[in-house]
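Consider the two complexes below, in which chain A is the common component and chain B and chain C are the respective partners.
Let's look at the complex of A and B:
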């Protein structure tokens, strides 16, 4: 049985280090078994202004000289990481689903999961062993 | 006794979160719990050697040494440190200079995780 950690991201990209740290910490779950001989399964959940991390075609490489958050997310989708995006917060910010990142061009089988906040709360309550807010 | 893992991401200067995390680590260790303390993001500054004590700024080096004597394992994020110019040779002795997988592994095996992000 794997250990499950839910990483909740509530801040927009680039203005703070938190959203990027959430992704890198989630990615590192895949190598945690080097330390504990057990698998650690990450889930990322974007809520509040954090849903802005999930918009495709970010230009951070051009503007800030760093890897875009959408590139990180595409790669995680190719690795089948479960990524949740809050539906109500997308609606609040006027973001349509077609504006979200997808990793199909990299061969990903999974897409971001747009879910209600209630479903994210359920994930917090029942779907994870530990919860980390970024 | 249980295992507590604390992840902290705030800077030593400009926030009281690190002070709180260190005090909580000490209290938990004094009660006999196993404690892991993870320094990531701006909190990696706490791992750096050569900090000078001023009365107007938090100074936690002696506390960190005391925590280590009590068995608290302290890890500092290698990437976050290197990105800030803090290299392995700059880090206080016995602080584990390591990747984020150390933290998530410790968290996964803990009874409780307290993750203190940036304000």
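Let's look at the complex of A and C:
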């Protein structure tokens, strides 16, 4: 039986290291030795200003020489990680779905899941064993 | 006083910004401050852009880093590069603040 961890990101990208830490922690669930005796299933959820992490075509690599957050998200999508994005917060900030990261060019079969905050709450309540806020 | 203000937060305390007074005031939107030049929360421009008499600038590199292009920027905000900001600091403002 897998151990489900939900990583909730509530801050915009880059200014603080928290949003990137959420992704790298989620990634590490697949590989880290600390989970050697158990299968871990990570999910990422973006709420509040955190939905700004999911904007595509970020140029952090070209400008600052760091892996951009959208590139990290694409890689997670190719690994079939479930990634939720809060619909109400996207609407509040005027972000259309076509502005979101798409991992299809890297061969991902999954897309970001735009869901209501109610659905994210349900994931917190019923869909995970552990909850981590970033 | 000719004051240049760097604003780098999306959810900063706008109160201090609005209490600042200067004969010339430039507000540089950098880092996560760039969202004020782009995002229209609930369809409204950011309150940070409402400071009367201020000149607004947004850093192009930080816009692009976050996935936005210069043509999405509010018409009251001028897009500048790092080099432009250095020129403004040296030529147009004699004091700087980082909010």
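The definition used in the following text is that the second predicted complex is superposed on the first by the 129 of 134 C-alpha atoms of A that agree within 3 Å, B and C clash if a C-alpha of one lies under 4 Å from a C-alpha of the other, contacts with A are read in each partner's own complex, and residues count from 1 in each chain.
Following the convention adopted for this analysis, contacts are C-beta pairs under 8 Å (C-beta built on N, C-alpha and C of every residue); 3 or more make two chains touch, one makes a residue touch a chain.
Please read all numbers here as calculations on a predicted model, not as lab measurements.
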Quiz item: Should the pairing of chain B and chain C on chain A count as a clash or a fit in the superposition?
Solution: fit
Exercise. For A:93, decide between first (touching chain B), second (touching chain C), both and neither.
Key: second
Exercise. Pick one for A:3: touches chain B only (first), chain C only (second), both, or neither.
Key: first
Exercise. Check whether A:68 is in contact with chain B, with chain C, with both or with neither, and answer first, second, both or neither.
Key: second
Quiz item: Which holds for A:103: it touches chain B only (first), chain C only (second), both, or neither?
Solution: neither
Quiz item: Between chain B (first) and chain C (second), which does A:56 come into contact with in this model arrangement: first, second, both, or neither?
Solution: second
Self-check item: Touched partner set for A:19, first chain B, second chain C, both or neither
Solution: neither
Quiz item: On chain A, which partner touches more residues: chain B or chain C?
Solution: B
Practice problem: State whether A:127 touches chain B only (first), chain C only (second), both chains, or neither. | Solution: neither
Quiz prompt | Where the C-alpha centre of chain A sits as vertex, the angle toward chain B and chain C in the overlay (nearest 10 degrees) | solution = 90
Practice problem: Look at the superposition and give the distance in whole angstrom between the closest pair of CA atoms, one from chain B and one from chain C. | Solution: 13
Quiz item: Which residues, counting only chain B, touch chain A once they are in their complex?
Solution: 7, 9, 40-42, 79-80, 99-110, 113, 115, 117-118
Quiz prompt | Interfacial residue positions of chain A with respect to chain B in the complex | solution = 3, 5, 16-18, 21, 24-25, 27-36, 38, 40, 42, 129-134
Self-check item: For the chain C and chain A complex, residues of the former touching the latter
Solution: 8-11, 31-32, 35, 39-43, 61, 64-68
Quiz item: Within the complex, which stretch of chain A touches chain C?
Solution: 12-15, 49, 52, 55-60, 62-64, 68, 70, 92-94, 99
